[in-house]
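The two complexes that follow have chain A in common; it is paired with chain B in the first and with chain C in the second.
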Partner chain A sequence: MDANTMIDSLSTQFPDAVYDTKVGSNIRIFAKVKPESVKDVCTYLKKNLSFGHLCCEFGVDYPGRNEIEVVYVIGSYEHSVILTLKAILPRDNPEIESVVDVYWNANWYERETYELFGVKYLNHPDLKPLVLPEDMLGEWPLRKDYKGFPNKTARNLV
Partner chain B sequence: MAVEQTDYEEIPGVTLTDRNVISDFVKKTKAQDILNWGRKNSLWFMVNAMGCCGVELLSTGMAHYDTDRFGIIPRNSPRHADVLIISGYVTKKYLPALKRIWEQMPSPKWVIAFGDCAISGGPFYESYSTHQNVDEVFPVDVFVPGCPPRCEALIQGFFELQKKIEAKQDRGTEY
Partner chain C sequence: MDEKVGPSEMIVHLGPQHPMMPGPFRLNAKLRGETVVDSEVEMGWIHKGIEKILENKTYLQGITIVDRICYLAALTNEEAYVGCVEKLADIEVPPRAQYIRVIMEEFSRIQSHLLGMGEYASFVGFVSMFMYTIRDREDVMTLMDSVTGARVTHSFLRFGGVKDDLPEGFKDDVQRVFVNLRKAIDSYEELFSSDEIYRSRTVGIGVLTAEVAKDIGVSGPPLRATGVAFDIRRDEPYLVYPDLDFKVCVQKAGDVYARVQVRLDEMRESMYIIEQCLDQIPKGPLFPEGTAYGRRTPVMRVPAGEVFHRVEDPRGEMGFYMVSDGSDKPYRVKIRGPVYPTLQTLPPLLKGVKIADIVAIAGSMDTCTSEVDR
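Right, the complex of A and B next:
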């Protein structure tokens, strides 16, 4: 199965949920997905198109557009195509369905995106901060408008 | 019949164990020099590798440098240790654990800030997740700069600490 076949199969199966599809090269394909149907799309990708490997999942903050993108990079062991799937969320209340039931390794990725960007994953089995302390929850340090950077380091040495 | 409460402080010659009267008295005498001589020659350090400087810290304790000849011995329990070596950046999440290690160490105890991260933040300068200025939290006696410092630099740092203890200038004890 090559890149064009896959993207066609995806758009035919989810004509409403999947939009802005793009074939970058014969090993990279891109698509955007509606946040409410991301779990269905991932299930279809895993079951029917043999995208069995979630390489990474992360967030991107766009304060100008007032949006947060959640990006899923999904690969496969059977064909050499990597799919970049993007879900666009509102910045003031980012909520998306968790894909842990489909890709189990999304657990820690989603916890990290939660603590750094504040994306709330619905039906996540254990949504708590991964590496940051509990009391930093709510600061969302990787958002572009984060103001909490310290600037008094090495004050005594200068 | 009510048990009569004895006021031990009233009895002449009795000193309670929760007072520092004896050690405060000894600090003013020549006996403290002998105590400090013993302390400076048995600086057991806590093996607490916190970052990449921790690798240098571990190699310092290995056979090649043979720090046992100076009385510098790595210990794995804070209850055996005299010296806490902050060998890396202190994140906000790790600071409570480090404070707990420090509180578990019995006095007299000293701190060495080992490496640029512990001193000033190093590459993690202005990071959202690191605690800045650890010298405000711990009474740091010796700063060993480097990224990471060599093992010889750490041994040099121990020598500086020994000199401070001998001169009664260390921050581990109030003279």
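Right, the complex of A and C next:
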């Protein structure tokens, strides 16, 4: 199955949820997905198109458009096509369904996106900070308007 | 992991500083008697915020930063980062530079495996093996030093090429080192396979099945030890790998012994690749001709776009996702390290093993915490 058939199969299965599909090359395909149906799409991808390998999942902040994109890069152990799936969330209240039930290793990626961007994952088994200390929760350091922490640097302590 | 401790149970914290670990992470193991009931990995002691730092550096400055993700795989990290920019800006790398990159990246694989394997042998009590591998690794490091000018953080790759050409007489030096290294690897293999104590600590211990490994997203030697022939160099070739002959080293067992065996075989394959490269390497420029790219690339603006580029790291699949907005700094860089999923195999793998095997299993993954935390 080549990249074109995959993207056709995806858009016929989810005519409402998947939009802006694009074939970049014979190993790179792109699609956008409505946030509420991301779990169904991922289940279909894994079951029917053998996209069983979640390469990574992360956020990108766009303060100008007031949006946060959650990007899923999904590959496979069977074929070398990589799908970049994007869900666009409002920046004030980013919430999206967790895909941990589908991709086991999404757990840490989602915890990291939560602590760095403030994206809340619904039905995540254990949503707590991964790399940051607990008291930095709420500062969302990888958002573009993060100003650093001038009050916590050594210069202010001495 | 459930924090509640039942009767005759206790929680043991291994780490953040522990001899089995190359970097700081904490393994909380819940024990009943000597058996691990449940475990959990805690991260964050060495979080450097490299993804945020890269957003505030120009593309050229970023090369030195990505070196620091994991010093053992500095060259492959650079390859993934530089490859992203080359795809975005549509830069063609001349063949000679591609060959030099392959040579250096395979050297970096050899030295990483030598350190990882030797360290691992010392975790299970085979301390003299560590001394052997470190001695042989020193020859490889000297060769790398003679080309890049640095031992660990090389900053060797540039957009469109490499910093320096191979020095005079490099091929002879390589051949001299490889004669010794081949003998050394054979003797390691013989020591590993003949040592009864080592075998009883590793054969059949920590068996990772292919289904679980695929589910967790593992790549690299831990995955290939389970029988899955997944290698980015073959499945999604970059540089001149399509022109080179090499095989993907696979083992069936999936246990600790198989993981070490895959690393031994891969070192032999890497040496074979380097020899082919040195025979085939064409003469020519190191940077695309007629462009501004060179050793000191001027401040460059990269066309807007998004790209995901992945390479085969010594530990597995290293991928960079780069978003460019057309300025001289990347808008967002996501680093997908191979150890990030590999480390998550520990809780399922450790369920039901004896506490003495924790070190044998966790060490065999060749984890690099610096890369997981970034």
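The criterion applied here is as follows: the second predicted complex is superposed on the first by the 148 of 158 C-alpha atoms of A that agree within 3 Å, B and C clash if a C-alpha of one lies under 4 Å from a C-alpha of the other, contacts with A are read in each partner's own complex, and residues count from 1 in each chain.
FYI, contacts are C-beta pairs under 8 Å (C-beta built on N, C-alpha and C of every residue); 3 or more make two chains touch, one makes a residue touch a chain.
Just so we're clear, the structure is a prediction, and the values are computed from it rather than from any experiment.
What is the contact status of A:Leu127 with respect to chain B (first) and chain C (second): first, second, both, or neither?
Once the two structures are laid over each other on A, A:Leu127 reaches no partner at all.
Would you sort A:Tyr103 into first (chain B), second (chain C), both or neither based on which partner it touches?
second
Which partner, once the models are overlaid, touches more of chain A's residues, chain C or chain B?
So, of the two partners, C touches more residues of chain A.
Per the contact definition in the header, classify A:Val23: touching chain B only (first), chain C only (second), both, or neither.
neither
With both complexes superposed on chain A, which partner does A:Val60 reach: first (chain B), second (chain C), both or neither?
After superposing on A, A:Val60 lies in contact with chain C but is clear of chain B.
Could you look at A:Met136 and tell me whether it touches chain B, chain C, both or neither (first, second, both, neither)?
First partner only.
After lining up the shared chain so the two structures overlap, which partner does A:Thr84 touch, if you call chain B first and chain C second: first, second, both or neither?
second
Based on the A-chain superposition described above, do chain B and chain C contact any of the same residues on chain A, and if so which?
131-133, 141
In their complex, what parts of chain C are in touch with chain A?
43-44, 47, 49, 51-52, 214-217, 228, 230, 235-236, 306, 308, 310, 317, 319, 321, 323, 331-332, 334, 336, 340-341, 344, 373-374
Provide the residue numbers of chain A that touch chain B in the complex, in ascending order.
So the residues of chain A touching chain B come out as 131-133, 136, 139, 141, 146, 148-157.
Mind pulling up the chain A residues that touch chain C in the complex?
So the residues of chain A touching chain C come out as 27-28, 52-56, 58, 60-61, 71, 73, 77, 80, 82, 84, 103-105, 107-108, 129-133, 141-142.
In the complex of these two chains, what residues of chain B are touching chain A?
Listed in rising order, the residues of chain B that touch chain A are 92-93, 119-121, 125-129, 132-133, 135.
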